[in-house]
Structure formats: structure tokens, C-alpha cells
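Following are the structures in question.
What follows is subunit A paired twice: with subunit B in the first complex and subunit C in the second.
Here is the complex of A and B:
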């Protein structure tokens, strides 16, 4: 008996607080717009954008946790990763998720783009959604590119040497781009540090902004209907 | 369906999403907490017997300095920390030994023995300690620390028991 009374009091308290917040923040409205918006009859292919978003959040969370131990300096990067893998409880799990999540995210984002292409959802009025999407794909690839160097092991070192070399083979501007990417003519501490800055600050900041625009446009236009036979 | 006691498809989806989301959060969240606090839990007290000199070569009634270095592995880095002190043999009795730490109890500078003044003097804020480590003058709140656990092994080495932290 007593516990039922408690329960009801809690419920009223919750309702009061919720209503107070709802009046000011429009929580109910937000919920309807974000999560209860009408969707055309779709299929599992329509979930890939949300899957990309989920993977991005997962990468952001695990990435932040990795920075608790990772050190972006040539004499400590490799050792600090070694420490994460063998010295810290569940370090292998946090790094494992981030490592495999990166590959999976590229894959999922790419298939998401393919489905938008196949269903011709990039047409009016969604051209900008598509354009922003192209930016998202490039940024996702950029995250993979900059993140790959961070362990500072042989594989990472040479992969980055080769990739920046390729960027450097562009006519006219190649040499400048190579030096800008590496922070000098060769791979060095400066390269590692600027890849780190790009990987944890610059690219994610732009990525978050573009995801925001992408989602705003999706909510504004609603999702496209699947093309019918007549289309 | 509506009006019956059964869960609607919508509510079923909501509950399922909530439950799966909750499981993912816990499965990833719990290990992450361990991941974050792990180094703090590992910093257990490390202890060792450390040789600081041959008893025979230590003069009686004269503070004799000693020093040793301990290496700590902090994650991916090793740090060497130096420790030092003075051995004061009050008499020929191998048990009658006072071993003081040279770390000033004020803010941690190393004190020096000044034979002429018969005092330990700290260079930082001019504190003075007696030969027995008592504060004679200056800001230190308590006497010099002592290594009370010591022994002489079969080869005549004087060892002190050292505990980190």
C-alpha cells in the first residue's frame, strides 16, 4: 500500500517537471518532428542513414575514450597504443570498436549513398541533401585517412607516405599539397600532430555541422517516396 | 488490436528500441568505466628491500649520505625518482642506527648536513634540523622522516625497507 502511494507521488512529480520543461522547450513537438515524423513505406535500405549516424556517434564516443591514453608524438604514439591494447582494462575493446567501426562506417555511408542514387532520391528538392552527403562521404574518408596514421607503426607510416605522395603527384599544386599535408617535405612529428588535430578536432567539427544540415533537410523535406513503375 | 491489452506495433517498437539501446549502453558503458579508472586501481603499493651501503664502511656518529633511484612505469612511460637520506650510526651496535630521509618536510627540497653547525640545513627556506632530525628552526611542520625498517644481511649490507606512496 505504502509503495503504491510513493509510486503515484513520483509520477505526479515527474509529470509536473516534464510539463514545466515541455512548455518552455517544446519537448513533445520535438519528439514528433524528430522521431514520430511520417515516413513513406520504405524498407531496410532506408535505415542506412540512421546507421551511419549511429556509427558516427559510436566513433565519437570511443574516439574520445581513446584520447585518454593515446599520445600523438612519434616517441610515444606506438607505446601508448600498445598500452591501450595490453595494459588497460578493456582497452582492446574500446580500440577494437573504433578500429572496426571506422571501416564499417565507410562501408555503411557508401551503401547509403548507393541507395539514395538507386532510388533517385537526390532529385528536386533534395539536391542539397545529396551535395551535403557528398561532403559527408569525403569527410568520412578523411577521418579514415587521418586516423590510419595515428598508431605510428610501419604500416601506418608507409601508407601515409604513399598516400601523401599520390596527393603530391597532382600537377602544379602537388608539391604544395604534399608539404601542407606532411607539415614539411617528409613525414615527421609535425605530420603526426596535424593528422591528430584533423582527426579529433577539425574533421569532426565539420562533420557534425554537415550532419546537422543533412538531418535538417531530411526533416524539412520528409523522406522521398520510392519510385513507382510510372516514374 | 486497439482497445485490447496487447501491445500495439508502435509501442512494441518503442520498447524494443529502448531495451536494445539500453543493452548496448550497458554493454559498452560498463567496460568503459573500468577502462577509465584502471590505472588508478593498479597503482598498488610497491615495496622492496634496498641496499644502501656496507655497514663496515659507515663511520660511527657521522651522518653519511646515501641515495637510490626507483623507476616507475606509468602507462607507456618510465620515470626515475631519486630518494636520499642519511645514515647515522649512534654506536657500534648494528641495531643502533638512525636512518633519516633527506626530503624536507616543508616542501620537499633536499636537506644537507653541515658538520660545522652540527645541523641539517634546507637550502630552500633555511630550515634547520638537529642531527636526530628534529626541527630547530624554520617552517617545516614535523621532523625529518625516518626509515625505521632496516636490516643487515649476511654480507654486511645495510638494507632499508622501501614502500612507495
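Here is the complex of A and C:
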């Protein structure tokens, strides 16, 4: 029948393309190494790491959209956010997801850490995975901290004032840290510029690198199993 | 050969761990599709939750940052609240509490370091919960105190009952528990540890519950935030009416100030003119409002110079109002009329019609602390009863002082008489007509009062 002939042609076309790509990219190896891996019987608690990853990707996607309209200057930051909320089609949705996603990401990453702690999955051979994870937790909090200032509203301004003041209370180096964070003795356009750069370039770049190492280690050692009386 | 590992785990143990893991894998599942399926379900659930939160809770609106408003009580993002509360409680400890950096720097650093060295302190191969009761208890108490401190973060600390309860529940109990677990009960049994941790957690939750039950939050005084252009214009209009009309007139047209103490007869630029609107951009206009023109007689409105002044957002709304209403480079959107229109013969009320009119044209001068012959127009009662020559307006009296003044006539009262009101312009005819209908009908307060009056009262003719 005509349609079966079509079907057959499509299949051979697909096989040819697949084979061409497989020879060059090693799709088959990728499948066995990355996807067809054996794992201990899983549990819903094991989804929290990938949930953190999903939230990170979602934050990146919505964040990129927000930078299209956001202006990091004290004169325009507030109004540009207001424009995103009222003037841009679905801007409210994207910002809403980014806002709540930040909250949820901190929560999910923290609970992920708790589950790794409770199941003692940080033990040999996964010590490094844990260490990198601590870095990820701190970076996630750093993302929250730097992102909080960006809307340049009262809450943001004063919370950052107080938080940087706290950092400034350190003995000896406090004053230096305060000025490095604020870009001067007071919160100013420079502070906003700095936090913006940290929030969209510096911290995400480090986060991506560390997530890469984290995932490599997880694939290398495999997911740990839930401990039983024998462990 | 028996090689000992630096961190105390020897090769045999490592081999054992690997063997056991391989064995577990034979009874396991595949990453694809088993794990990925669960991960995908979780991701979808998270996405849905976020869409729901974004749609139905939204992002709370906040006024614009105002560096001069030092009265603002700062609040960090919620996941730092526990640290904030901890600092507040810690600050009450005698002597130690004065050394702020112990709490702000040393304690968080120790916490992070503990996380970093965790795999190296807890390096034995045991993984089952029953063999790790101590670390799990320590972490459990930590998590419960983070949660309870976050919940109590809004309650002020201090020498009150709730203050004391917070200190006990948030600081004393967990500290005692840690001392017991780590130093006092050496080599205690699992049972003792579990009981200690359990009782500690229960006590912390109990104290936190008591604090929340006893504490009565003061009514919050949040500034309303306007987001759309129309809302901002309306907010700006209201603020302009109260703060600026006395000198610049209801439409910004005033060129000679009248009726303001100290500035009588002063010549100024009309601020609705191109001269002003085209030469000053938005930040410059906001600057004029914030810093005033002190040498010319305009007081600063910024909070840095004037505690009762305007916030940064509010000054922004006034500028939006000035642009959209007066600047012909901006397209004026359709706005609600000043007062709900009246049908022929319908009786106006204070609430529905007179209040918005008075707020727009009179309140700027007729409020406390202004020169106005003690005539306040901020409430219904004041309009009827206050003033050096009270009553200024009487039901049915079409020749009262107020009625004469708003129709552009001089009123002869005690002393030398008063010039027409408002001093810096004429009221529009429709507004005068509303006043006439209102006075003729008996000056009803609420819209319901107006409805209850017989509508047969004819519209007053001048």
C-alpha cells in the first residue's frame, strides 16, 4: 500500500541520518553511558537534585527574558520592572515564575542537601560531590541575595543596606568588604551595577561550572542506595 | 597488605562498599526511563506550582527605593530571616552579645566549615540511621530552630514576655541540647539521644507556638503602590491636590501666588507650561519636588529634609501626573471624572461629589497648619462647623460666606473681608453648580442620605 511505502522510506531515511550522526557523535555510547545506566531502586527523595537542576534552568530561561527589559540603574530599575509587570505581554507570568522560582530553588536545594545528609550519601566515594554541593548551596543563596536588590524598591534597598552592613562588621576586613560589595561607602548606582553583574554573569557562570562537576561525579559514582541495616 | 587511608577508611572497607553497591545495582532500576520519569513528574509539578503562584499570588508590589526614608524597617528575603532573628536574640546575651562579629561572621563561618568538613569528620562507612543518631539529632535541632526562628521573625525581641519566650525557645533550649548531646552525656545510648533531640524539638516548637499565640501584630501601615499608568496618574493627582495646589493652583497655571503666608503676590513660572515641562526631565522634576526651591519659597518634600514629606514613589506619581495631564508630548488616557456625574435634579452628597471636589480645589490650603482663618475642609463636620466665621456654609442658605466666595465674590466678614476662593483661580462652572445643588438640598453627607431626600427640590438658579 502507498502509505506503507512512505513509512518504509521514512524509516530508512531516519536510519541513515541516525547512523551518520552516530558514527560522528557516538549517540549509542551516549545512550549507554548517560541514559541506560543501572541505578539502585529509586525513591521520590532522589528527584530533588534534578528538581534543583530544573529550577536552575527555569531561572536561567526566565532571567534571560527579564534582562531584555530590565535596566540596572537606580533611575530606571523600578520602572522597568513595573513595565515588565504591566506593559509586556505575559511579563507578569515570567517575572512571577522567576520570583517564586528563586524561593522554591532555595527550598529545594536545601531539602536536597538534607536528604543527602540523612541518607549519608556524602560518604566514600561521594565526598567531592558533597563538597561541590556546599558550593552550590552558597551560590544559590548568593543568587538570591544579589537578585533581591535588583527591583530597587524599598524592601530591596534597605535589606541590602543592612546585609552589607552586617558584612562590614567583620573585624579588620569588614570595611574593605563593605566597600567592595557596595562599590563605595553607600548603596549607589555602582552597587546595583555590581549586584547585577554578579547575578547574571559571575554567579551563574560559577554555578554552571560546579553543576557540571556535580553531575559528572554523580554519573561516575552512580546514585547511592538508601541505607539499610547492613550499611 | 593493610594500607590505612588518611581519613581512616582502609582499602578493604572501600572494596566492601563497592561490592555491596554492585550487588544493589543488580536489584535496581535504569536511569532511563525509571528515574527520568520520576524526575519529569517532579519538574512538571514544580512548574505548575510556579505558574499557579505567579498567577494567583503574584509578586507583592513595593514602593520605589527611597534612600532618604530612614524610618523604613528593613526585612531580608525570607530565607535569611532566621539569621536576622538569631542576631537579634544573640545581641541580648550579656557581654558576648556586644561582640557583633562573633554572631555575624564567626558563627556562619563555623556552620559553613562544618558542612565542608562533614565527609571528613563523619568518615566511617556506617550509613544507616541507627548508626548516625548523633549527627542526625544535631542537624534536626538545627533545622527546627531555623524554622521556628523564621516563624518568629516578625515578633520584636525585648524585655517582654514574648521577648523572653523567644530567647528561651530560640537560643537557650537548643544551646542546652547541644551541650548535653556533645559534652555531657558522653557515649549515650541511641535512646537517650533520640529523647533529648525529640524533647528539644518539641520544646522549641512549643515556645514558638506560644510566642505566635501571644503576640498581636500591630496593624500594618503599608504605602499603597500604583502600578499602571492610570493608577499612577490618579495617585499623583491626589498627592498634587494636597501638596501643591496651594501654590501652583489645581492645574499648575498659577503665576501669582495668592492666599499663602509669606509668598503673597510672588510671581512664579506656571509649572504646566512648556518652559518648565520641556526643560526639566523626569529626574530633574523629581529633584525639584525633593529639594524644593528653598530660596524661592518652595519647601522640600523629600523625606531627607522633611519627615512628613513624600516618598520616592509618591514623587514619581506626581511627575507621571504632570506629564500625562499637562505635557502635550504625552497622550492623556481617559480617566474617571472628578466626581460621579449627576442626572438632572439628582442631589449630590458630600461623600460622592463634594469630597473629591474639595480635595482637589480647597484642602491644600484648608488643612491644619495652614493660614486659612481656621477653616478646615478635611471632613464633613469641619466643612460645616469650623472657621473663624463659622458657620461658613448653612443648609439652604445660598448666600453663605462659602457660596459667595466660590462664585468669585468678596465676602464681607469680621475685619476687612475675604477675597474670592480659591484665591488662585476660578472654580469651573459645573463644580459651582454641584455646590449650589448640595446646599439647596440640605447638604446631605452620604449618598444614602442624598437618596432619602425628596428629589422635588428644584435645581437652584443663580
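Convention: the second predicted complex is superposed on the first by the 226 of 231 C-alpha atoms of A that agree within 3 Å, B and C clash if a C-alpha of one lies under 4 Å from a C-alpha of the other, contacts with A are read in each partner's own complex, and residues count from 1 in each chain.
What we mean here is this: contacts are C-beta pairs under 8 Å (C-beta built on N, C-alpha and C of every residue); 3 or more make two chains touch, one makes a residue touch a chain.
Treat the numbers as computed from the prediction; the structure is a model and nothing was measured.
Using the contact criterion defined above for the overlaid structures, shared-chain residue A:151 touches subunit C, although it does not reach subunit B.
By the touch criterion defined above, A:97 reaches both subunit B and subunit C.
Contact with subunit B, but none with subunit C, is seen for A:89 once the two complexes are overlaid on the shared chain.
Of the two partner chains, neither subunit B nor subunit C is touched by A:211. Once chain A of one complex is fitted onto chain A of the other, the partner contacts of A:170 are limited to subunit C, with no touch recorded for subunit B. Counting the residues of subunit A that each partner touches, subunit B and subunit C differ, and the larger count belongs to C. In the superposition on chain A, contact of A:143 is made with neither subunit B nor subunit C. Touching of subunit A by both subunit B and subunit C, each in its own complex, is seen for residues 79, 82, 93, 97. Contact residues on subunit C toward subunit A in their complex (touch as defined above): 9, 13-14, 17, 20-21, 24-32, 34-36, 38-39, 41-43, 46-47, 49-51, 53-55, 57-59, 61-67, 69, 72-80, 87, 100-101, 104-105, 112, 115-116, 118-120, 122-123, 125-130, 132, 135-136, 139, 143, 227-229, 283, 311, 316. Of all residues in subunit B, those touching subunit A in their complex are 28, 31-32, 34-36, 38-39, 75-77. Chain contact summary for the complex, subunit A toward subunit C: residues 34-42, 44, 46-48, 50-51, 54-55, 58, 74-75, 78-79, 82, 85-86, 92-93, 95-97, 99-101, 103-104, 106-108, 114, 117-127, 130-131, 134, 137-138, 141, 144-145, 148, 151-159, 161-163, 166-167, 169-171, 174, 186-187, 222-225, 227-231.
Interface residues of subunit A, counted against subunit B in their complex, comprise 61, 65, 68-69, 71, 76, 79-80, 82-83, 87-91, 93-94, 97.
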